[in-house]
Structures are given as C-alpha cells and as structure tokens.
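Shared between the two complexes below is subunit A, which has subunit B as its partner in the first and subunit C in the second.
Then we have the complex of A and B:
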C-alpha cells in the first residue's frame, strides 16, 4: 500500500484547560473525517501525541478504520515542546521504518501541531532541529489555539503552513477536517519535474481555513 | 457456490478469509529482470508459473473437479458437463437453462483467420479466433479487490462531473474507454479508467490511451496527466494524438530501424518525434490561453511491426509508469526506472515525474529484442504500474488471467479494474499478446 503517516501533536498543558474540550471535539471530527473520507481513509495512518510536562503517545499510529474511538486529551502540567518533538521524531522513525519493512511505500509524514504557543522549556529548538534533520522529517502545519497564542512561536514551528485561531471560542474541528482532506489530496498528486528544474515546495492547499488566519512564514 | 450470490448489495466484494489472503514472503512473481544501461533488454531467468490468486473473487474451484456447487445443468446433446468458472453466472438472467461453459482451452492464439470469418459466440473456440468467447450470459460480476481490505471508495462512479471553469473539453472524456484489435502477431487490449479519487471528486479522467495502426506498424500509447496541474487531461490526450501524428509519416523508417535492431538510431529518431510532439502540445496549450506547464503529462509508447518475422518492439517513454512482461506465468519489470515508488530504506515516495511538454531532459527508449511467442507485454500508467510492482497479490491476480488466454474486451476491462486499497489514481493499460509458437 501507499501510506501517509499523519500525526496530531496536541498541547495538553494546564494553560490549555479552557480549550481542551474544543480540541477533543476537533480530534473526534478529524477522526470522523479521516475514517469516512475514502481519499484520506485509504491512504493515512493516524497517530496522536499529547504533551505537557512530558510527552506521550496517546494513540500509536493506526489505521483509523480499525479504531472505534480516540483517547481524550486532559489538561495539566507544563508545556514541554522539547519532549514533544523528541518523541515525535522517534515515533516517525520507528513507524516509517516498520511500514517500509512491511512492504509499503510511505509518503512524507504530516504533523498537525496544536498549541497556545507558550513553551515552558527554553531548549526545545534543538529537539526541533533534530526532527527536521531526520531522513523522514515531516511537513508540519501549526495551529495557534486561543486568541492570545504566540504567533511567532507558532510560525517558527511550522514548516509548511501556520494558522492562528481568530476567536478563542471558534470551532477548531472544521479547520482540521478540511485541511486533512485537502492536504492529503495535494500530497498524493504527482508533480512535474523529476530531473528538470522546478523542485521546491509543491504542496498546494488553500490558505483560507475557516475560523483561522494564515500566518506568513516568509516574514520570519 | 457462486461468489456473487454471497455478496452484499452495493457491489462490494466480500473480504477474503485468512486462508484466501496468504502472506507470501517467498514471492514467486518477484520482479527480477535487470534493466541494462543501453536499454537493449536481455531475457532474464524465468519465474515459475504461479497459480492465479483468485481468492478474493470467491471460493476456490478446482479445475476439472465437478462438485454440486460448480456443476452446471447440461442440456441434452450439447456435449459434456462443464466446470463453471468461479465468476460465471449460475443461471440465465432470462430464467432459462444455462448453456454449458466451453471447457477452458489452452492458450490459443493462431494466425488471423481469413477475412470475413468470425467464430460464433458461445461456441468452443475453433482455432480461428484468439479470443476465448465467453458462453452466453456469462458476466464478470462486481469488481474484485486484492488485499486485506477493499478500498473505502464506492466501486463504481457516483457523482457525474460537471463543466468546471468552462472546460468543455473535459466533458468529452468518459469515465472509461476500452479498445482492442489484432495486428500481425499480436492481439491488443487497452483500457483507460478514471481512478477512485477522481471519481470521488467528480473530476474527469486525466489518463489517456491510444491504439492506432501506422502502415506496417502498430502504435500503442498511454499518458498520465500530472495531477497537480489543472489542465493535464488536455496534455495526456493531446500528446498521444500528436505522437501518432509524428509516427504516421515515418512508419517505414521506424519499421526499418526495428527490423535492423538499430537501437541508437531508434533512440535518436523517437527522441526527436517526442520532442516535436511536445513542441506542438505546448503550442496548442498556448492557443487555449493555458501555460504549457498546466498541460503536463507523462507518455509511454510501444511500436510493434506487423511482420511476424520481426520480433523487436520499440519502447519510448517520458516520466513514470510501467512496462512489464508476463512470460510463462512470471512477471518481469522491463522499466524499473519508471515506477517512482519509495524503495530503499531511507526513501519516501516521490511524486515528482518527468513530463511533457517542458519538464524533461530526454525520452527514454529501448528495443525489446528478446520477444518470444506467448509473451504478454503490459504498458501502463503509474495508476497500475505502482500496485503491479508493489503488490504480489495483484501480480498473481492479473498473471493468472492474462497469462492464460486473451480476454474479450469486457472481461479485460473487469480484470484491469481489480481494486487495491490506497491506489486510487487513473489507470491505463495496453496489453499485447504475442501469438504462441
């Protein structure tokens, strides 16, 4: 099979307490979308990582059509980006290696990173750089949750797109759902130029995400 | 039991049981043929003849063994009882008795019959027709799938595409085309089918396929419009037409090059023909007001002489796709550079491909000089090439059918549409059956 590993990395620190229900609802709908949209369902495997003082694989990479329900996030503790990126790097390396050993072809992994952009560790950039230096480095789409989320940090984490929630009460679910579908379609489409000029970012997805404002990565 | 009787509504083929989906570490269909740098292909070691992997279509029916489930009523005076194929209809849709199926003949592919003769439908093959005619009322049934799970998509098209952005050309492209014929020593079957992803999005087919005679040459071609470009269906259909335009007036020269095995001259000439076709494609795009890049497409073609004494076949390609050969039940990959998969421990899938009219350096060409009677050449876009190269069960499924006999058009279409989860791209394939010795 051709498989796209898809990870949601969610901030469940205590500063997210007011928004954790919104995130859980969004994950539920993302699960619905991934498992019912055949374009996404047939190609993706989904994993969920939650992080606060430490990071945990709440759901190891799985075929969502084999899964009844995703585990829920629970807010508490600090916000350790370093632990999150370190765990993500190890999970991706292990998962892609296993998938390839099983005979599958694997697309570059995709990460949805959802946070209020307030890491409490000061040394998270090294684990982040290690993640981006890995052979299976993922595309990261960062979502700033809450109105007061730190735009600079969210844009810094993203490798492809970054979005800020316009209203702290806005529904996150439609954004994740639509983005998952359009991103999958874009990733699996063939693009021109294997040996000729024209390399570079080839993903084409809409910058209009309901309830969110796109953040330019170029300015940073 | 007829497998179709047990299928749920909606045309889904039931999941295979564990015994029907063996995990094979020792892959008898492993593609082992080397691809030589000079692209003059040498015969590889033959793989052993595999048993067809029929499991997902229904229960195993042992050929020749008559059981209550596969025994057909035998009208008096019509020969021996037949063993039903697993996918044959048990009763006539009209309610009458079912005609006995013709006993499966050995692969038959004699020389063309005299003009004007045809084999009667439903009769046993007379030796004059390479196509094994299905008995009356036999139908292929719902699409089969290989692998543990069927694709999540509906098996058949649902939403009908509308005119998008004033694209009245796209509406001329049907979901599926099927073609075929006979030419000199080969029998041709071709199909181009819209992929599940384009069907689901109600977008038009971006693949194209072409079968045309050019004097003493047969030209077959497939093209895959690049998915990220908005007008690539213009490109795929345009490039096969424009390649034909280039080949037609030069068929005699190309035939001579094949006859003499002039690989360098063949590469030079076909390279220039592809370049000329690409240049004209770019001009057409501009006349439409489209940037040529938005018509990006792959292209791969075979040239086959009508003269049965000339066994060399010419191959030319730009971009990804497949050229495989089925010989004595074993598969060989004759274009290992074309599959575009993510092989190797540290590599991921690359969706980048060379394409016409602009994003390529040169066309790849090869002379296939070791053709043998009974070979089947399979030319395809990556919608089929990727699963064929990666999925042993698919090679088993198609090898067991295409290696046996030349199917009729409808049967070929059904076979070419076998579903494999996660492979949802348009699929185009041209098969050439070489006449047996």
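Then we have the complex of A and C:
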C-alpha cells in the first residue's frame, strides 16, 4: 500500500505559553478531520514532535484513526532547532524503514514546521544538514508566527514552502488554527487529488495560507 | 429578496438559467478540486456549486443534463432526484456558465462525529472496518450491505439506459444509508455525460478507482463505468478498499450464499476484461439478486431391490440364427 508520512514539528518553548492551548485545540481539529475520513487516514501516517530546550516525540508515527488521544504540547524552555531536526531525522529513518519492511510504498515524508522564535542553539544547522542529507530527507513546509520568528531562518528551514504570519503583533490564535488547517488540507488533498495517471499521490500544499505571507525560498 | 427567492424557485422548477447576482449569500458546505459548494440563505435544501475555473466549463453539456432530467416521466424524475444530486438549473454570469444548483443530500445520508460535526456517509465507510472515530456511522448488516449494492447497480443501470456515462465512480461520490431502508445517492453528477460526448469539465478519476484500460477520466465510457461499478460491488461486499478484478473475491461472512458466491466470482473476473466483454449492472443480478432458489430434494441412495432367484430356463437355448443379406436380390 502507498503511505504518505506527515510530521508536525511544533515549537513548545516558553514563549508559546499563551498560545499552546490554541495549538492543541487545532491539533484536535486535525485529528477529527483525518480520522473520520478512512481513505485519507489509511494512506497517511501522522507524527508529532514538540521541541523546546530538548525535543520530544510526542506521538510516534500513527494511523490517526487508531488514536483516541494525542499527547498535548506544553510550553517551557528554550528553542532548540538542532534537537528537533536530529530527533526528526532519526524518527523518519526508523519509520520509513519500518513501513517499507511492512511492504508499503512510502512517499517522501512531509514536515510541517512551526516556530514563534529564533533558534537559541547556535549549532542547529548541522543537524538540519544531516536531515537533508539523509536518504529519506523530507519536504519541509515552515511557518513562522509572532514577531519573534525570523523570516530568513524560516525560509532557510523550508525546502518546499515557507509562510510568515502577516502581522507579527496580531492575535496568534487564528494563525495557529490556519497552520493546522493547512496541514489538514495538505494531507487530504495529497491523498484525494487525482494524479495524471489516476494512481499514486502528489504533495499538494497551499500556495497561500490565510493570515500568512508566502516567503520566497530562493536562497543565497 | 423575495423576488429573488421566487426567481430561484422558478428556475429550480423549470430548469431555466439563473443569474449569479440573484443568488443570496450562504455558508460554504464543501470544497472540491473543481468548485466550491455553498448553501443559499432562505433556500433550504439547495446547494450552489460554483466552478473555480468557469472559463473551462462546457455550458451546453450542463444544459443537456438539466434538460434530460426535465424530460423524464414524473416518477422517473422523482426517483432520480432521490438518488442523485442532479443539476437542476445552471447559474450564469453574463454569457458564462459559472455553476449550477442541486439538492442537498438526504438527511439520512449524513452522520455525526463524536465532536458533533456532520459528515456525508460516503461509500468509503463501507470499505473499512469501524474505528473509534467512525463509530457514529450506522453500519449495515450483511443483508443490508447486499441491498445497498443492488440499489447502486440499479441506479447505474438506469443511467446507462438513458444513454449516459457516469465517469468518476468511487468511494467519495456515492452516499448510502440503511435508515429507513437501504438507499444510495450519487454526487458530482455534473461529471455525467452522454455516451461519446465531452463532460462539463475535464474529469480526473479518483486515485485507486481508475480503469486500467482507460486511466484518464475524460476517456470514460460505459465500459469503464462497468469496471468501476464492479469495483464498488467487490469492495463493498468484501469491505476491501483495494480489491481489483484478478484478486480473489472474498465477501464478508453472511453477505452471499455459496451459490451466489460462485456466480458472483465469475462476474467479478469478467469485469477486468477487455471492452465489450465487461458485465453490465444487470449481469450481477443472477448472483446478487433477491431471486429465490428452488430447494431441491437431496440426492439419496436408491432403495436396493430385493434380489430374486433367476429362472435359468429363461436364458436357456438359442433361437435359430439367420443371416444378413449383403447383396441386393437380382
């Protein structure tokens, strides 16, 4: 069977304290949408990683329709991008290997990365490069929220698309809901959208996300 | 506003084109690859599908669908309305056809999620076992599962007899319900077209529902419909979303009798054959139909006759032997 793995990698540093409940509710909505659509749930897997001073695999890759609860994000600590990318690389390597061993055709994983701040670790780029150099390197869609996020860094993290909250001083709640909604749409459309040959899947991510500005990925 | 509602009611009844400006606002009800579907405030039970790319719409093809429905005898039209979200009238913006109005799916074809949301009861729920998140779907018992398949085959057969090709048939555009009785409802009916004609918009098949002999949706034909109808039959009866002809057909326990299964397997295998050989919807009926069978008396061993002594005198002696004349008499 064909499987498309999705990972949500979410900043849960202390600066997210005021917004973390909104993000958790948005993930609840994501689960509702996907788990009640058996065709989509069957062809996708979802993993959740939270990162702050350290990174935690809150929900190992799973068929969302099998879940009855999802570990919540909790805000505290610093913003270690390096820990997040390192954990993500190891998780992807393990998950793709397992899915292949089960006989599945595995599509390149898709990562939705969300951060409200600049990385507090100076050596995050090495784990990031390791992630991109891995055999199962993922497509990364990066979202920056609040005025704490650095547009350049968000664009640097993304490999597929990047979005910055339009008004960094505006209410974060709608932006977080749109982050999860965009992730949900991407999962549903990538599985449900017809490809030219009527088979297979193609990654379909929003070109525009309400409340966000698309960031050019051209890198210097 | 009242005048607009009256104009809408008139267009719905008569199939006449309706100006986009007359449509009231309304909340979004769904979104697909080709269009947005929304409700109309003050017009309950009616949905407006607005195409995302009206420049690509073949307006006459849509007008033909509207006219075809209106030309049906009243009983047939009522039946079609109950079983299909058929285009009732076109919506135009100046010279351009931008969408159409259709009826909302019947209420029994929806279900409530645990968090209170409403979902359409798509055929996909017949293809997967129940999971915690889908416990709100009222599932069919084996008899109802078979009845749903027969309802669906009947609908496809009637559309084919009208000279139509459905095109995209899949887990996503067939709705069903077992309350109050097994029933089906077809969505995305603007993809239906006359045999040999182009559809309103170029069609793509739903992934995993393509005919291998016609992988591109726009090349759909009665033959590709027959293949997809067989996929629905096989996948629903077996509760297997990936089953295709060529793979063993193993229905859920209790759905078919042994006699039915033997016949159904033959039809199932034929469905993957070349064009012209695929079973039409009625070909499934001998296997799946409710036609009863005649219970035959079980075969029993013959009662042995009592043996009697043989009177050897009956066989004794020989009658005088004659001869076969091989030459014609002179």
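Just so we're on the same page, the second predicted complex is superposed on the first by the 172 of 220 C-alpha atoms of A that agree within 3 Å, B and C clash if a C-alpha of one lies under 4 Å from a C-alpha of the other, contacts with A are read in each partner's own complex, and residues count from 1 in each chain.
As a working rule, contacts are C-beta pairs under 8 Å (C-beta built on N, C-alpha and C of every residue); 3 or more make two chains touch, one makes a residue touch a chain.
What you see is a predicted model, and the numbers here were worked out from it, not measured in a lab.
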Check your understanding: Between subunit B (first) and subunit C (second), which, if any, makes contact with A:97: first, second, both or neither?
Key -> first
Review point. If you stack the two complexes on chain A, which partner ends up touching A:105: first (subunit B), second (subunit C), both, or neither?
Key: first
Study note, to complete from the structure: Of the two partners subunit B and subunit C, more of subunit A gets touched by chain B
Check your understanding: So, does A:68 touch the first partner subunit B, the second partner subunit C, both, or neither?
Key -> second
Review point. After lining up the shared chain so the two structures overlap, which partner does A:32 touch, if you call subunit B first and subunit C second: first, second, both or neither?
Key: second
Practice item. Using the superposition on chain A described above, determine whether A:135 touches subunit B (first), subunit C (second), both, or neither. Key: first
Exercise for review: Mind sorting out which residues of subunit A both subunit B and subunit C touch, each in its own complex?
Suggested key: 1, 36, 38-39, 41-42, 65, 191-199
Practice item. State the interface residues of subunit A toward subunit C in the complex, per the touch definition above. Key: 1, 28, 31-32, 35-39, 41-42, 64-68, 191-201
Study note, to complete from the structure: subunit B contacts subunit A in the complex at 147, 149, 151-153, 196-197, 200-201, 224, 226-229, 293, 296, 319-320, 340-343, 345-346, 348-355, 358-361, 382, 386, 390-391, 420-424
Point to revise | Contact set on subunit C toward subunit A in their complex | key: 33, 113, 115, 117, 119, 124-125, 127-128, 131-134, 171-172, 204-210, 215-217, 241-242
Point to revise | In the complex with subunit B, residue positions of subunit A that touch it | key: 1-3, 36, 38-39, 41-43, 65, 96-97, 100, 103, 105-108, 135-136, 185-199, 202, 204
